[in-house]
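Note that the chains are named A, B and C in the order they appear, and that numbering of residues resets to 1 at the start of each chain.
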């Protein structure tokens, strides 16, 4: 078939098939869609400008003017978030709203934004933890401008509040946005204490039911994950069970360590070494690490082109 | 030297040097360039809108209108893809075209897009696999809006069709776009069955000659890679050899596992544990995992500031 | 409270609190801010167009025209970089400038850009290393358009020059930009020889005081990091100490290996296997790898639904 004929006669049918298939499998009338997702990303950007006014051009010596700008952005972002939360509540939790989804959305937004000063203070503790935790850091400004940890934790601390307020989907859109920007994947359900620092961060995964104490430092590639999870009588995974570990205060976890299981607790002031795999509790003040490759497998020999590893 | 003088007298020569060097090392007349790369990204975005019309604003209750929009996008993207494939064929495979690069490009585009309903159905199986494979997932919509796996596999299933149709460069531009968005790096050559799910995904690498069966689940940081590869008589790597493993149906591979080699087959219904390193075949129904750090290296002791790990 | 009342009466106070907190913790007058960060990203994009003119539409058969475009971009980017470096010097290193921050900024820019032909040549060696190091690579063009390694190393080679010229913050903004685009996190301080190739790359971390020889190849998830670092008398990390390993010529490091410590040297022509954890020196021509999971923990048995790993 010539492409011209195909364009005139065939694509229409393909479009029809795709529309019909989508109608069957996606609830067209009940989704915020990718437009909603983009809106959530934009709201997060506004929140960033509001929480760090001094880092944007908006901040000038003229404080009255700056205040007008910040307050304006705050009100606009609050209304935008209200609208999208209302949609999600209508689509997903209508029964829980008693028809009052708009009112519930407003309540959620006010509760979240009232906590902003407190969230801002938490993030300051994270910035200081980064400065103290990385000899390569030279200033707070450098940390704000170039540390993925701060961006990821900023988003997490907001997403976590929404998660606690029983909003669905939006917190996960937020956490996946952080994941895309930083390679750090923290489920909004995870509870994380003050002064948290993730160095480098790519590949870090923190599961939904994790709890992390204060002053914890983790490195790239660390997984705080689930063991295998129980299935219900129909073979589906049971949702809402404690599946991820507890990390107590002052723990350091080095690159690539994998800690699994809802009954696993890492006692405070413990150091976990790189690339370990751990599914049981360790007491406070522990040091846990793999043995290094033993000397006899570190072979010094002439280079062989066809080595196999 | 003053900067003003340097701007007037020196930059011109630097520009000349860079142009001359590029002329020697890059075939100016024979590249789709970064403009072509951006075009490929844009075509993928159009394809996403076409395959998931219900997730975009375009989908309204007015089905006739929606159909016009989708069909229009489909035809436009088809023509755009035709143009860029023709360029690649002219630049890279002119001899194989017998001067008919335009016709071959049209054929490829029609073959790809005719498969869209089938590809869409495959992706639905992937969405369901995500829902069943992750206790944290609350709805299909959440998966579409916030799971990197779906984005990566959507792009892979399109790139793989083009790879099979012998188009070069464009499938790799697509897979690297997915890699950039998600941290998941699947070579377009890899063959992947239905109901495939990658949880979290950052750092996953799936090599060119991998085959993956149905209902396979892998976690972040998993590598399905090559062993060392043979060199030809001039010391260059020999291209086009089976170098990557086969993963059979119903296999689960946990975070950070590295499976290498073209002769390595992971038998069906096997579970591979975190952080293992495996270069040999394992039979069906296997469970393979590292031993955990032994108790005697999990030392509970007073905290020492100058610990060394 | 009604949202309308809250918007009228409460947000203003929240905005005030956030502004006051920021004033206390961020030096408003002394930051290039996120606007500065975005400017740095844009300058890097211009530099890419200048170093690879043949890969952009700007390159035409009309060489005079192309030269005008390239030279123009070079001059404009030079002036933009001058401005932002001057700001950083004023904010951070005023004392070292003797009030001559503008002059110092100009000197830095000229020194950097004068090296562009040399940097371009280095990157060509990196492109060739990618072609020779990956059997899946089919052309130089494919490497430029779709290999994250080249993008990351391009940015690193520029950031490293600025780092050597004692500019702060800007090199780290550059390296974090590369990290965000590619998942590859190379500190600008790291010194890297010719013909460097990182395959796939997600999760790679190269620390500030690393030195890497020529013709080195590393895979995704490799960490070249620090051991624990010494604290000063106030418990703060001491900055500016050699903390990261030396990698000699012709070394290959496979996926997920973690090499730590400033006294660790990996001798030339060594191969390090996947997922190893190494904190001591190994001699030239070594091969170091983990033992594979022993056969007795690779159990073939009937599938048990409630497996635990």
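The working rule: a contact is a pair of C-beta atoms (placed from the backbone, for glycine too) under 8 Å apart; a residue touches a chain by one contact, two chains touch by 3 or more.
Note that the structure is a prediction, hence the values are computed from the model and not measured.
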Type of chain A:chain B copy interface by residue overlap (half), same or different: different
Angle, in degrees to the nearest 5, of the Cα rotation that carries chain B onto chain C: 120
Length of the line joining the C-alpha centres of chain A and chain B, rounded to whole Å: 23
Residues of chain A touching at least two other chains: 183, 202-203, 221, 254, 256, 260, 273-275, 279, 289-290, 307, 309
Chain B-facing residues of chain A, complex: 1-3, 6-7, 10-12, 14-19, 21-23, 25-37, 91-92, 168-169, 172-173, 175-176, 179-180, 183, 185, 187, 189, 202-203, 205, 207-208, 221, 223, 225-226, 229, 236-241, 243, 254, 256, 258, 260, 267, 269, 271, 273-280, 282-291, 305-309
Residues of chain C defined as touching chain B within the complex: 50-57, 59, 61, 63, 66-67, 70-71, 74-75, 78-79, 82, 106, 109-110, 113-114, 116-117, 120-121, 124, 132-136, 138-142, 144-148, 181-183, 200, 202-203, 219-221, 227-228, 230-231, 235, 254-256, 260, 273-275, 279, 289-290, 292-293, 297-303, 307, 309
